[in-house]
Structure formats: structure tokens, C-alpha cells
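So, here come the structures, one by one.
In the two complexes below, subunit A is the common chain; its partner is subunit B in one and subunit C in the other.
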Partner chain A sequence: MLASTTTTNPIWMPGGDELAYLGPLWALVATVVAVLLGALAVGRNWRVSAGIATFGGLLTAWLAYRGFSQAGFTNWAGMTPSAPAAPMLVADQFSYCFIFLISVFMVLVTGMWWLGQNAGLPEHLTRKQDSTEFFVLFVGSAFGMSLMVSTTNLLMIILAVEMASLPSYGITAFRKKHNLAAEASLKYVLFGAITSAIMIYGASLLYGQYHTLDLAAIGRQIAAETGQSGPTVLMGVSLVAFMSGIAFKVSAVPFHFWCPDVFEGASIEITTWLSVASKAAGLGLMLRVIAVLTCNLSSPDTLEYVSLAIAVMAAITCTWGNISAFRQTNLKRLLAFSSIAHAGYMLMAVAIIWHPEFGQTDMPAHPSFSALVFYITVYLMMNLGAFGVIALVYWSTGKETIDAFNGLARRSLPLTIAMVVFLFSLVGLPPMGGFFAKWWLLYALWEGNVVWLILVAVFNTLISLYYYARIARAMIFTDDGQPTVHAPISGQAAVTVCAILVLLTGTLSAGWLKDFSDNRSRGLYAIVRPVNQEPTANDQLDNDGSEEKIAEFSPDGGSEFE
Partner chain B sequence: MILAVGLNHYLVLSALIFSLGVLCMATKRNAIGILIGVELVLNAANINLVAFSKYNAGVGDGHIFAVFVILLAAAEAALAIAIFMNFYNTLRTIDVDRGDELRG
Partner chain C sequence: METSGLLNWIIFIPMIGAIVVLFAPAKQARSITLATTFLVFLASCLLFGPFLNGSYHEGGYGENMQFESKVEWIHVGGFNINWHVGLDGISFPLIILTTLVTFLAAWASWNFEEWKVNRGPKGYFSLFLLLETGVLGTFAALDFFLFYIFWEVMLLPMYFLIGVWGGPRKEYAAIKFFLYTLAGSVLMLVALLAMYFTSADVLGGAGTFSLIEYATDGRLQSVFNDPNKTFLWEGWKFGHVMFIFLFIGFMIKVPVFPFHTWLPDAHVEAPTPISMILAGILLKLGAYGFFRVCYPIFPEAARDLAYFLAVLGVINILYGAFCCLAQTDFKRLVAYSSISHMGYVVLGCAVMTDVGFQGAMFQVLAHGISSPMCFFLVGVIYDRAHHRNINDFGGLWLAMPRYGSMATLGFFASLGLPSLCGFIGEVWVLLGTFNAGSVHAEFTWAKPMAVLAAFGVILTAAYILWMIQRVYLGKLREKYADFPDATARETAILFPMAVLAIFMGILPKYTFDLMNGTIDDVLATMTASLSSVSSFAFGG
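== the complex of A and B ==
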């Protein structure tokens, strides 16, 4: 419960229940330690390291999955009556969902890495000997990303972002004596260090103004302050500085410059990992931070500004990503811009979380949270598949450019069919999962009365068709007589399973996945209600309080909708 | 005349260091120079945190935060310098403008 019970005992120690809620996080930390100890016990063996990481990832996923079904488990860890009211860590359905997706994805990327080790690349690129270090960094970044989605404390947010970023810099630089990897990691570390420094400075200003590190308390004070005298410049500056670090993780324009360079320079498993996990964690964090900070705001003007700012950022991110993808010939770089565009689509869901109708309980779940969970789940599968096909072609031909795909229909039909499924899913065509991902996103935007954002999304979908179709055209219609692609059977099977899953989420399992997303987003649903009210029994209060906000809400296109 | 040092003095100092750090990050082309700018900004944040913690909040949050920021700065510097070494070993320079193979 969101009870504001304060403890009488100043030193609070977590009990067994609270620690059990953090099970998935414990499992990830234990995996890092086990990878290190495994290397001590049996020597440096890449199979052992990968095996331990796989096992740890599966264990984490299982612990998170088990949490889904716990009765009444929609609350904040540490919110039992004895616990402090301002928790450092939060465990709810939403955070468990992201931890589940991140750890499953970690296992899948480990599998991809395993295939890459067997692909016969030169030793300075695969670095089998250093697989222990690789997995410590890799699982460490997964741990950081899991922390990112389960906290509302300024200090913990910064530690989590750094915990996710620092190992990511390391694994980007993992290919030695490789010009592109060296350059990509240099750009990544400098850009990341600059934004995180600005973020920490912004956090220090927030702390100075509101005398607390708890975001919910900061949100209440911001609400009180703006209610009396409107937003101040200092408040705006410190919030923008703080959010820049999160926008960097999401690669929202104007914090996207690292993204294409890093994705092109890193090895392909790392590109896959960063393109989905890092952005999913960033979006989860951004959604939670904004929801917690603004859930008490009652001034419609302020809400409108914040909402409009994020909507404009989402629209620019999306359009910029799609337009820049046009002239790319390197497929990793092309998909990097595509991932910027998809981050833009997902940011659109963040832009409408204030819509007051969303606070009512007659909706199955908050539409924008649910749309985000659905989108990320589908995006995980289709992006993994697309990068998987690119990896299989790269391991066979040594090329990552679009030319390497010329005539793929003749050279390897299964890969071509799978790739076409992923590409059309990335565009958002039925009957692929990407269609329903976009559908629920547009539905949330429609419910949120932002018609202009819907138009931006549809327009972007149309122009993105061009560059995705360019790859399909190269595969099917352009044949310049390159030799057959000899992809390993296991790799082909993995890609095929991915394609089937993408097809299933677009057809038979679409309803199931929607239910899954609805259920997972209920946990966060509670916090967009006013904190001092009971989350389950306040329908009446919410409705009353929100009438005037409905009239004032939509930034631009509300009247068109009516 | 002896001024009593108060919160505002610390904030002015911190703002000054922050500006110098941003200036350093914006103008330096040497990777280590940029990293020094980052450290300046982090130290400005630290001064803020400790000053606010002492004069405003009355609880130790800000002090603890500052300790973590020092730790983060050390970890980040260690990793960044390792990556600069790697860059130097491959390209024989740490001028960030020379890293221009990835573009478009």
C-alpha cells in the first residue's frame, strides 16, 4: 500500500520479505560473482562463463516471472508498515516486467555471442580468452539496467544509470586493435561522462531546492510550489539537467549523437544488446520518473508544458531517426537510426501519461504504460531477429553493408523470409507484432487526445517503409552473384523461432500479450494517483479532481479530436 | 572585515566551477582535457551537495551522495582512461577530432 506511515525507529533494517522482493536483483549480482569465481575454479573457459551467465539470466527471469503472479503484488518494496515511506528501491509489476525482459534478452544475446565465438572470426575480435571480463561487464550492465527500472531515489537513479553505462563503455571497446571500436567507445565514454556529470549537477540542484532525495517527495513539493507561484527557472533548469542523463540512455534527440557511432563500432552482439536493453531501461526509468514527479501536479499549464516538451522531443526523435536512416549503407548504422526512431515512438507514450482519464479504474490499465510494455516486448523480438540475420550474414561474408544482402533470397531462403518478417514488423505492417505495437501506441495517443502526435507517428511509419523495403529489395530483386550463405543450423533455427514469435504476437498471441502488458503496468498505475489516497478505493476522488484537467489538457490537437 | 561564509558563497563557488567545467568540455579537443572538465562539473555538484546538506536539509543525505559521486568519478575516470589508452594504441592520438571514421 502507498501508506505514508513513517517509522518511529530511525534505523530501519529490511526484513526477509523486503529482501525477497529484490530476488531478481540479487540473482544478477550473484551471477557477476559466479562468473568471476567460475574463472577461478575451472580456469578461463568461455563456455563456462557463458553458461553461468545463461543460468543466471534464466534464474533472474524466473524470479521476476514468479513475482508476476504474487497476489497483491503491485506495491513498493519496503512499503510494509515498518518500512520507511521513501524507499530506495521499488519492486512492482512494472519493474519486474522490465527485469524479466532484460534478463531474457541477456540470455538470448549470450546465445548470439556463443554463435559468434564459433563463427571463425580472428582472435583479436572474439577474444575468447577474456570472456570472463566480458561477462562480468555484460551482466553488470544488465544489473544496472534492472536497477534503473526499480528506483525513485535520486542517488539510486544516478548509481543505476552509471552501473548500466560504465560496463557498456567497456564492452563497446571490447574488440581490440579495431579502429571503429576504439573510436566508438571513445565517443560513447566522453558523451556519457558529460551527460552524467550534468545529470548529477542537476540532481544536486534538485536536492538543494527540495531537501530530499526521494522523487515522490520532490514531486509533492514541486506540485505545491507550482500551485502557488508557477514553475521557477531554477526548477526547470535542474529538471532538464537531470533528465538529460536519462534522455542520453534513451538516445532521444538531441542526446542521440553517440547512438549510430557506437552501434556501428561495437561488435554486433553488443549492438543488439544496447539497442534494446539500454533503451528499454531508459524508457522505463523515464516513465517512472516523470510519473512520480508529476503525479501531484494540479496546475494544467505546467502539465501542458511538460507534456508538450516531451511530445515535441518524441516527434523530433522519431522523424530525425527515420530521415537519417535513409542514406545509410551500413546495416548496423541503419538499424541504429531505426532504433532512435523507435525510441521516439516509445517516447510518445511517455508524453501522454498525465491524461486524467487514465487515472480511472474502469480502464483495464493505463494505456500509455501498457502500450510501452507491449512495444518493448515486440521490439525486443524483432530487433533481436533483424540483428541476428545481419550477424549470420556477417559471420559468413565478413560484410555488414547492404550489399552483403544482395540476392539473399537465392543464397539463403530461410534467412530472407525471416528478415522480411522482421523488417515489416519494424515498419509496423500486419500481421506482424510490430503492427499491434503501433496500434496500441496510437490507441493510447488517441485516448490522450493528441491527434498531431498520431499524424507524426503515421507519417514516420510511411517514410520508414522506404528504407526497410530497400533491404528487402536488395535481398529479393538485386542479385549480383555472391556465393551461398552458410549459416549454422542453430543460428537459422534461432532466427526462425524469433520470426515465428513476431508473427504470433501479430496474430494469435496479440490478445495474450495485451493482457500481459495490462497486468504488468498496473503496478505503476497506482503511483499516478495522488499519493495520500488509497490506490484502490479512490475512483470517486480521482474523477472529481480530474474534470477540469480534461478540459485543459491536450497541448495542441485536443479540439480537433472533439 | 571578515565575512561569515554561508550557503551562498559555496553556491557561487560551485557555479563558477561548473561553468569552468562546461567551458573545458566544450573547448578541449584532447580527450583527457574533456575528462578534466567532467571532473570539474562533478566536483561542483559535490560542493553543492555538501553545502546544501549542511545548511538546508539537516540530514546527511547530501554528504552520502557526495561520497558516492567521488566513487563514481573515480570509476568513470579509470574506465575512460583505459578507453583512451585503447584509442591511443590503435590511432596514435587522443585528439577526439581525429576519430572521424564513423560518420553519416
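== the complex of A and C ==
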């Protein structure tokens, strides 16, 4: 189908079904345009902008959700004429899942923003007048993040990372008279620019060595090369340089320095958005890149280098984040370090891509992809909830420090109970969802045979308890007589629903969510091929008999080796 | 079996009560809590009949579980996590103890308004009931994963109960308790993972979390006790590492030296009813963990490490007793005496004989009766005097005759006076230790260890008698002369514990009858595993 058109035609034209696979991405782009046109049509109205963004987000989520029902759904689109087998964009269950989560989260953050507009903050903080620009940037960054999780092409990766980063710089500094916000955005830009430069340098080195932009093809060549002569220095340098750009999005140590400042400087909705969505996209991309690059590797030495390097980075990220959080008094900053620590836990899932069952066509759900999906889903809810409570308290008191939470148990019991659930879910205590997120992660680590990383993870759980408990202590143990918090009912209801969901994922729905995650991590592009085999039309994963959903490769699919 | 539902109800009634308390008017909180705990206590008493009629001395370990219920919980991605609860001779007495002590502690919270006016009763009582669910679930769980979940569920309520309603240094005590216990449970989590995946490898397909299967399945046992299987590091035997991880997790809860330091702090800061629960029930969870998890599943490691465990037990007994002698804070003294008494449990377990195990288990129950009683006795005078300085009291018996008699009884039970409950447990443990050399030839250290531990009895007598002399005897001080005697409520709380202390001391047979069958089963399982492993290791 697709492949035949692309080989005969020098100019690539997407087919109809190919465009349909990209439906969620189209929906996001359309939302950006609709926000702009809406402002032209009805004038600047923040309700209209937010409404369009909400509708666009829900539409995207629905389109992505529809993809879930197609079992074993795996597609790739946009094959370039020079290398027909190399897709520009990948649409599989995993990418759809992330687009789904990102768009749902976009809607939720929009709701939070809406509440913030009604909270009676001064105009220079809310900037209602500029909501059109805000939503263009905001939805634009969501589009960039969605692109990040649905590609394995070097060029597309760079474009996607930039598409996600540039609007983020803008919305970080959206409170433009706020000194901290401007400082944060400047730091973000400088840091982002440098890591992007390094990443592009790495990508160009890779392209120079392997003459293709397709990571799967690069992975096969690396496998062939290391099989003969072992890894080379150039290979290592180019990969590390390339990965540093993604590590920046994930805020892995040592690329994390922007994170606390940006989280503190940005308004609270944006902090919430960046803390989950940006990291989710970065982790999804990193997992996919590493998996695609290493899935054909047969030399255990090389695998062990890659795995060990990521494992060490994960361990350091996690520990560093947790220890740095100890002395923070600003809650956004504290949760910034907490999010670095959680990125560390999730990076651990990346360290075990060399699962022994790797590359088997009848492979069950990939444990690390599954663990990541589960973790991100729970993390989304608990972090949204925690930031939601902080936002409600901030709108009522104007403070974001731990002091603002003193005596919250008396000032607002529902918020306190919800916050306790979120905090101890972030620690990873049962019966909250955070425990199961950690549990499946530890399970994946065990399957990947890295027991030392399990010990690092549980040790970090222990030390993280202290600073999360500090917030609980302020809320419940100390009381300095601050007035009652008057949070809007809608806000209270929202965090309560979040808390109930977090509790459900830790008890009754834990199995269901695990099942969901397993289904999202089957049939991933390029990593389900038998080891060291040329791709042919027949060895594509065909788990559940979704016959015509699989694109064919052209006979000269291996032309990039020449 | 229709009684299986009853156990599930017993576990969840407190949780339902906690939710009701949360939505009921604050004034009703204490009545609802008292009613709930009493209901749970009555329901657990209903278990007596079926339990005694059950065939609990036929079949091997795990085959005579009563009130068993098993429901699939999480069966995806190669996991087999079940809701699996049931009672046998080890857990049944502890369930009864829990419901009784919690009921009495709820009653002891009746004057809540007097000791903390500004803190809402709703939070206190709902956390209190949540704690009971956690404890009952842990005692009843037969699925290791479920056990772990309930084990952790207890942490949060306890943290807040100490931290909000405690004394001056409550925050320090609460977070210390939390961190210590969580440190133990993360080690337990690693062991949980390792055991599950080992079982998946051995059994093929999905593994098992069943605590019974871990102990009785021959294939699993031969792997768990395989001296050639290593974990983490070259030369670290799998069974040993697992045993140590689990043991540390449980010994923090017991607590065993050197992880005991959270206990005096937690006790001193916690309000009286919470101290009763902490000493009477929560410490028992650690001991229960030894019986249910450590010993049946890793007998080979237990035998190899017996010497160290016995040393720890003896240190606990003697060190705890010496610490008691140095205390001037009444509550701290009782807290250290708990450490000393729990040392007998560790020693009784360590020697791995039937008498030792029975003694340890009996000591668990006896201490579960005597220590809440002692803490409540301390609480009664703290409510009146608002201090706990032992040297500042004197002649209280004269002012409060009824209370004084009860106090003497309670502290003598703790001391181990013959014909009271403390005596039987200690003597059984010492006998078991003394005799251990004849059961396990390699335990040559057992006799000296028993002699050393026996000194604990003298020290215990010393600190308790000295304390009684300073607090209750002597000349009545002026300022205490008008103290009212124990009220009807206080007497009624003390009475059941006093009766049980005497009953268990005079007729220990009935208590032993409840648990001996299961203890024999556990030992039989351990012996079977050990002999098969020995032939596996040396005979081949």
C-alpha cells in the first residue's frame, strides 16, 4: 500500500489511512489554529480560548482512545523516498497512549488555569487579555510532546523536541512582569539551547556515520558493527551527545539545573504541566530511542555498557533529586526536586531495555514500557492533585511556601486529606497508586536482572519519606493560626476525585491499570523483530490478527546499508 | 465455609466505622468508635466456637486454616495476587488479643476531651479504627503481598496518632517511628520480590505469594534453603539474605537491639490508648512475622544464624532491663520493660525447639495483656498528676487503694511472678533454651545463653519492685493525698486484663491448647525442610 506508492513516486504523498493514523496529531494542530481563528472571530476572550483548547484536547484524547480498541495496532507513516522503510512518524499503542495522557492532562491543566482566572489574582499575574497567545503556546507544546513520543527519526526527534521546548520557554515567562518568571525562562532558554545544540551535533555525527535518519536502521548497523569490532569511541560520543537533548527534557542529572528554577518561576499551572507532560514525553522518547537502538544488539558487552550507563544516570538522578528536596521551603521547588527524583525512578525502566525476551515476536508486554505507562498514569494523577492543592492554597493565601500549609487540617480538612493521599502516594506507600507504580517498576527491574537498582529505588523511597512527611507535618502537626482556606467547591471536588483515583489505582483498579499498561506496550515499532534479521514484510508483529493495519516494507528496504 | 465471611467482616468493620466517624457529628465519634470496637470484639469471640471445633491438629502446616477465604485480586501480567486470609493457632489468639486490646484502648480514649481539647476527635477516632483494620488484616493475611499492604497501611494512622495527639516531642517521635518502620518494610519489599520471582522460576509460569506454599512446597523449600544459590553478591546465600532482610524488617517492629531506639520515644510521646495499642499489638506484629514468615520459610538460615539471634535476644533482655533501672520517667520505664520482655520472644524463637517456640508465643500473648495494662496504669496517674517522674511519687496506694491493688497485680504480671501470665512465657523460653542443645546438637551455646537470660528475671524483679516502692509504697505525699481512686471506667478497663493475667498464669493449658497444634506443624515443616536440605547438601 504505502510502500509501493513511495517507491514509485519521487515525491512522498501520504495516503488516506496514513493520515488517519495521525488523527490525534492533526487534532492538536487544528486546535492551535482554532484558538487563533477564534480570537479573530470573536475577539480576545479567555473563555473562548480555553474552551477551544479543552474541546481540542478532548477530541485528541478521543481519537487516541479510539486507537486503543484496535488490538495489536501498529502503524508507521511518512516513509521518505530515500529510505522507504524508515517512517517519519510512528503510530502504535504506546504513542497513542502517551498522546492520550498528554491531551487529557492538557484538558485538566486548562481547567486548573480556568480556576486560577477566577481566583481574583491581579491582572499582571493572570494576563487574561493574552490568553490567545497563551493557549497557542500551550497547545503547541502539547503538540511537540505528542510528536516526541511518536517518532524514531532523527530529524523528527529534533523537530519534536524543539516544538515542545520553544513554546515552553514562552509560557514559563508568561507572567512577564514577574522577575522570577523572566529569570526562569532565560535559564530555560539558555540551557535548552545548549543541550539542543549538543543533541543536533550528536545527530549529525550519527547521520555522518550511518547515512540514514532512521534510528532502527542505525540500530541495525550498530549491531552489525559491534558484532564485528565492538563499540567505537565515535559511536559512544555521538550517542551520548544525542541523548543529552532528551535527558534535558527528562531533567535527568546532570541536565536538571533548569528544573527547580523554572518550576519556581513559572505560574503554577505551567509548573504542573511541565512537571508531568514534559517528563512523560521525554521518557517515552528516551525509552523508544534506546529500545530501537539496542534491540538488535547481540553483543552482551555493548548492551551492558548502555544499560549500566543509563542505570547509573537513573540512580544518580533519583538520589540527587531526593536529597536536594530535603531543605526546600518553596513547595513548587520542593516538588521540582521530587519530580527529578521520580524521573530517576522512571529512567530505571529505561535501563532494562535489554530484557532477555527482547526481540521475540511472541514477546508478551514489554515490562519496562508497561512499567513506564503505569508509572506515568499514576504520576499524572498524584502530581496533578498535589499541585492542585498547592494552587488552591496559593490562590487563597498568596503563598507557595511550606508555611502556607501550616495548620491546613483545621483550615480545610478535605484539602488536607487529599494532600496526604497524594504525598504518601508520591512516597510509594500502599494502599495508594504510587506503591503499585513502584511495584511494577521493581518487577521490571527484577526481570531485567538489575537487583542493585532495586536496592537504590527502595532506599530512595525511604529517604524521600522525610521531605514529603514535612509537608504532612506542616499541615497536620503545626498550627500557627492562619485563617481558613476558602477553596472553590469545583477545585475541592477536582482534587478529591484525583485522590479517589489515586486510591483506586492502589487497590481495586491496580490490576485493570496494569492490564491497560500491558496492552499499550505490545507491538512496538522496530523492537519486536527477531534479533539480527533484516526486516521483511512477514516478520512484522501480528499479535492479534490486525492484518491490514501493518504497513509493508519495500523489497529494497535495506538500501540504507549501502 | 460460612464462617469465612465473618473474618472478612472483622477486618473491614473497623474501616467502615472509620468512615462513619468521619461523617458523623464530632460528639458521637467516641461512642461510635467504642461501639465498633466492641462489635469487632464480639464478632471475634464468635470465632472461638468454630475454631475450637475445627480440626486444627490434623494435617500439616497450613492445612488446618480456619475461616479461610481466597479471592483473586490482581491476576494480570503473570501475577497472582490474592485476597487470601485465614486463621490458625498462631494468628487466632493474636486476633482475639487485638480486638480486645483495641476495644479497651477505645474505652481508655473516653476522656479524650480532657487530654486534647483543641484537636478534633473525628480524626483521632477514625485513624484509630483504620489502624485496627491494618493490624487485623496483617494478622489474617496468608498472601505475602496482602500482608505487606496491610503492614504498610498501619504506618500512616500510627504516624498521625503519635504526631498529632502526642506529647511535647511528638513530631520527632512520630517521624522516627515512621522512618524506622519504613526502613524495615523496604527490606521486606525486596524480599517479597525476590521470593516471588524465585517461586515463579521454580514452579514455572506465574509464581505464588502464598505464605503457606512458600513454607510447605518442597520444590520451593529446596531452593530457598539451597546453600549454592546466591543473592546480590558472590557467597551471599539466598536464604540467608532473605532471612536477614525479613528479620530486620520484623525486628525493627519488635523491637530488637540495636533498632529499638524509636520505641521509648514513641511510647513516651504517644497518648495512653495509643501506647496500649503500640505495646499490646503492634510489637506483636514483629513477633508474628517471625512465626509466619521467617522461620517456616527459611529454616536453614534460621538454624545457621541461631547464635546471633539468641545473642540479640539476650542483649534485649539484659540491656532493656538495665535501661529500666536507670529510668526516672514512668512511661519510659514501662517502654524499656517491653524491650526486655520481647527479648524472650526472640530468644525463644532463636533456639527452634517446641518448648522455646511455645514459650515465645505465650510470651507474646502474655506481654500483650500485661503491657497495655501497665501503660494504662501509668496513664491513670498521669491524668491526675500530669507528670511521670517516678521519684516524685510516693505512697499512692494509700490514696488510691483500688488502683493500687490493680497496679500491683499488673506490674507483678509484667515481672513474671509465678501464677501470673508473665511467668509462664519466661520459664518456657528459658527451659527451651536450656534444653536446645539436646534437640540441635550444634547449639552448644544454648546453656550459657539460658543462664545469662535468667539474670534478666532478677533484673526485672529489681526494677519493678524498686519502682513499686517509689511510686506506690512509702509515705503518701501531701499533694497526692486528694487523688480520687480509679473510676468505674478505669477499673472496668483494668479488670479484663487483670482476669486474663491471672487466668493465663494459673491455667496456661487453655492458651497453649490454642496454639500448640500449629506450632508443632510449623516445627514439623521446618524439620522436614531441614532434613531434605541436609541430604541435598551433604548426602548426594
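The definition used in the following text is that the second predicted complex is superposed on the first by the 496 of 562 C-alpha atoms of A that agree within 3 Å, B and C clash if a C-alpha of one lies under 4 Å from a C-alpha of the other, contacts with A are read in each partner's own complex, and residues count from 1 in each chain.
The rule is simple: a contact is a pair of C-beta atoms (placed from the backbone, for glycine too) under 8 Å apart; a residue touches a chain by one contact, two chains touch by 3 or more.
Fair warning: this is a prediction, and the values are worked out from it, not measured in the lab.
Asker: Touch check for A:Gly511: first (subunit B), second (subunit C), both, or neither?
Answerer: So A:Gly511 only meets subunit C here.
Asker: Which partner chains sit in contact with A:Pro430 here, subunit B, subunit C, both or neither? Use first/second/both/neither.
Answerer: A:Pro430 contacts subunit C only, not subunit B.
Asker: With the two complexes superposed on chain A, say which partner A:Tyr466 touches: subunit B (first), subunit C (second), both, or neither.
Answerer: Second partner only.
Asker: As a test of reading the superposition: which chain, subunit B or subunit C, is in touch with more residues of subunit A?
Answerer: B
Asker: With the two structures laid over each other on chain A, which partner does A:Phe94 touch: subunit B (first), subunit C (second), both, or neither?
Answerer: neither
Asker: Using the touch definition from the top, say if A:Phe242 reaches subunit B (first), subunit C (second), both or neither.
Answerer: neither
Asker: With the two structures laid over each other on chain A, which partner does A:Gln328 touch: subunit B (first), subunit C (second), both, or neither?
Answerer: Only subunit B is touched by A:Gln328; subunit C is not.
Asker: In the overlay, answer first, second, both or neither for which of subunit B and subunit C A:Leu159 touches.
Answerer: In the superposition, A:Leu159 touches subunit B alone.
Asker: Using the touch definition from the top, list the residues of subunit B that touch subunit A in their complex.
Answerer: Interface residues on subunit B, with respect to subunit A: 11, 18, 21, 25, 31, 34-35, 37-38, 41-42, 44-46, 48-49, 51-53, 56-58, 61-62, 64-65, 68-69, 72, 75-76, 79-80, 82-84, 86-87, 89-91, 96, 99-104.
Asker: Spell out the residues on subunit A that touch subunit C in their complex, using ranges where they run on.
Answerer: Those in contact with subunit C are residues 364-365, 370, 409-410, 420, 424, 429-431, 435, 440, 442-443, 446-447, 451-452, 454-455, 458-459, 461-462, 465-466, 469, 473, 476-477, 510-511, 514-515, 518.
Asker: If we count contacts the way the header does, which residues on subunit C are in touch with subunit A in the complex?
Answerer: Residues 73-79, 81, 120, 123, 148-149, 152-153, 155-156, 159-160, 163-164, 170-171, 174-175, 178-179, 182-183, 186-187, 189-190, 193-194, 197, 231-232.
Asker: Which of the residues in subunit A come into contact with subunit B in the complex?
Answerer: Residue positions touching the partner: 154-155, 158-159, 162, 166, 169-170, 173, 176-180, 182-187, 189-190, 193-194, 196-198, 200-201, 203-205, 207-208, 211-213, 260-261, 264-265, 327-328, 330, 333.
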